[in-house]
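In what comes next, subunit A is part of two complexes: it sits with subunit B in the first one and with subunit C in the second one.
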Partner chain A sequence: MIWEIVIQPFADFGFMRRALLGCIAVSLGATPVGVFLMLRRMSLTGDAMAHAILPGAAVGFLISGLSLGAMTVGGLIAGMAVALLSGLVTRVTALREDASLAAFYLISLALGVLIVSTRGSNVDLMHVLFGTVLALNNDALVLLCSIASLSVLVLAVLFRPLVLECADPQFLRSVSKLSAVTHFTFLSLVVLNLVGGFHALGTLMAVGIMILPAAAARFWAKSIGGLILVAVAIAFLSSLSGLLLSYHYSLPSGPAIILVAGIIYAVSLVLGPAGGLIAQVLPRRPLQN
Partner chain B sequence: MSAEKTLRLLLVGAGVRLGAALIIVAALWAAFFWATSTPGAL
Partner chain C sequence: MTSALAFRDLTLGYDRLPAVQQLHADIAEGSLTAIFGPNGAGKSTLLKGVTGALAPLQGNVEFGALERGDIAYLPQQSDIDRTFPLSVVDLVAMGLWHEIGPFGWLGKKQRARVDAALASVGLTGLESRPIGSLSGGQMQRALFARLLLQDARLVLLDEPFTAIDARTMADLLDVIRSWHTEGRTVLAVLHDAETVRAHFPETLLLARELVAHGPTEQVLTVENQFRARQMCEACAGPPHVCGRDAA
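The block that comes next holds the complex of A and B.
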């Protein structure tokens, strides 16, 4: 019974194994980045950046069709350009960063949809917006695994500066020149993981696997290491369950994965011992000596 | 505090974390070879 439901789809079908591996790679790379985005109160920035990569990917699509390399490079350039431009506008004008980023991402989204629509069909647009996790080829998997590997290695080295920048960015800026390097590297990781996630889950869903597990983990763990571990475990579980639901009930896989992550978030919100609703209502134990 | 000392403090434990990260990366690439080389119906 369990074999038929859980194991057999992956044992029998290569496309299911590829989809699972793609989701695991996205979870390993993007979810820890999402934890740091959440800690820096930049969760909506991640969402804005996810939309910002669309025109670059669309230009790549315009030049060479559904080419992995062209769409990746285009997405990277567009994402970094929007991140840097919105930062620049914030520095030289009276506009705050959230408004500036919102303006850029809305322009990017409209431009991206327009470019894809001029040459491609609705199917192409759906591919760009919602991804094709069940159709990942070897090249796409190499890209996803490379991005995940780079993210894990960079986060391992820059863990302490990143934690410090979440807690007190002014302090890090005052004691070390590493602040600017850390911030830029982190932004690059966000864009890189969104571009990777976009191949699997599309521009609209990529940010879901980044932020939802991180938000759910907030109700189960208190240390940053714990948050990352729980978030990655939730992302794995969402990927596995979402793919199986998609296989057994013929549902679109990307939304199924993100919806499972959403359900885990809702359950965590109620049951989570670290600030969940029930934990808030229950009487607290008195302090012990 | 000197810049070098600050940098060293900021990178405390990076070696151990890098070791753990390398194990995770190795496992990921092992999974890649399993997923792309195991025969399947599709």
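The block that comes next holds the complex of A and C.
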């Protein structure tokens, strides 16, 4: 019974195994990045960046069709450009970062949809927006796994400055010159993971696997390490169950994965011991100290 | 006596509106100085000028033998994200940044120093509490422990006793006094004249321009304070000019 539901699809079909590997790679790389996005109160920035990537991917698509390399490079360029431009606008003008980012990503998104629709069909647009996790080829898998490895490595190296930059940026600036380096390296990681994620889940859904597990983890863990572990576990679980749901009920896989993550988020919101609804309402024992 | 800091015709401001004007003063090495003045006098701005967070519009700040790593700065409390999942010991250990940097290991010796710093601000036993659960006073104690670990020769404090209970304030004043006896230079922005009179031998009275600088009893006279208030009101013009760093 369990064999048939959980194991059989992966045992029988190569595309399911590839999809699972792709999702695991995305979960490993993007989810920890999402935890830091959340801790820096930049969850919506992640969303904006995801939209910003679209025109770059679209230009890549225009030049060489559904080519992995062209779309990746295009997405990276567009994402980095929006990140840098909005950072620049914030520093030299009176506009705050959220507003300047929103302005750039809206322009970027409109441009992207326009470019895709002039050349491709609606199917192509759907591919870019929602990804094709069930049709990942070898190159795409290598790309996803490389991005995941790089992200984990960079996060390990940058961990301490990044935590400081999130918790007390003024202090980091007062003791070290790493603040700006940390900020832009981190933004690059966000862009890189979104570009990787969009091959599997699409530009709109990639940000879901980044933010939803992180937001759900906040209700279970109190330390940064704990948050990352719980978030990655939730992302794995969502990927596996989402893929199985999409297999058994013929649902589109990207949205199925994100919806499972969404359900886990909703359950955490209610049941989570660290500030969930029930924990807030129930009387608590006083802290021992 | 050598000076730890020298303000040379220093003008600091935001959007080209000066908040501190042509300040000329020397802060002696090892002195314990209060920066005092009405709201909007440019007190916090002056500290930002010393840390380098704000570039001078004119003039400069000269540091005698001090380097960037010799300065510790405690900004006003609102700048830390209190919901961040950090424990007290994590927060305090940040003070060791100059020794361990971004990658160094927190060894046994460092750990002992963190414990000692926590003990000297009276936070022993709260090491593993999340910072979000601390009271305002406890948080300020933790930040002072972090300053202790920074082991800086110049300590800058911006309104360290705002919204702090009397007991905590007394303990933290002890810490400041011990810095003074160790020969460190301490500059503290304060708004309470009684505290300044009781604990700070030197005062720099600021009303965007320098009003007076020297031994506290000579500086904090009724006439000087009245003059400072008048100067600040006179120069204020439209409220946004002076009100920018009022806090």
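Here, the second predicted complex is superposed on the first by the 286 of 289 C-alpha atoms of A that agree within 3 Å, B and C clash if a C-alpha of one lies under 4 Å from a C-alpha of the other, contacts with A are read in each partner's own complex, and residues count from 1 in each chain.
Simple rule for what comes next: a residue touches a chain if its C-beta (ideal position, glycine included) is under 8 Å from a C-beta of that chain, and two chains touch if they have at least 3 such contacts.
Just so it is clear, the structure is predicted and the values come from calculations on it, not from any experiment.
Contact with both subunit B and subunit C is seen for A:160 once the two complexes are overlaid on the shared chain. When the two structures are aligned on the shared chain, A:178 is found in touch with subunit B and with subunit C.
Of the two partner chains placed around the shared chain by superposition, subunit C is the only one that A:227 touches, whereas subunit B remains out of contact.
In the superposition on chain A, no contact is made by A:4 with either subunit B or subunit C. In the superposition on chain A, contact of A:39 is made with subunit C only, not with subunit B.
Between subunit B and subunit C, more residues of subunit A are touched by B. Touching of subunit A by both subunit B and subunit C, each in its own complex, is seen for residues 157, 160-161, 164, 175-176, 178.
Across the interface of their complex, subunit A is touched by residues 51, 53, 69, 71-73, 75, 79-81, 84-87, 91, 94, 97-98, 101-103, 125-126, 129-130, 133, 146, 150 of subunit C.
Residue ranges of subunit A in contact with subunit C, taken from their complex: 39, 41, 157-158, 160-161, 163-164, 166-168, 170-171, 173-176, 178, 221-224, 227, 287, 289.
Contacts from subunit B toward subunit A in the complex involve residues 1, 3, 6-7, 9-14, 17-18, 20-22, 24-25, 28-29, 31-32, 34-36, 38-42. Subunit A makes touch with subunit B in their complex at residues 11-18, 20-21, 24-25, 28, 138, 141-142, 145, 148-149, 152-153, 155-157, 159-161, 164, 175-178.
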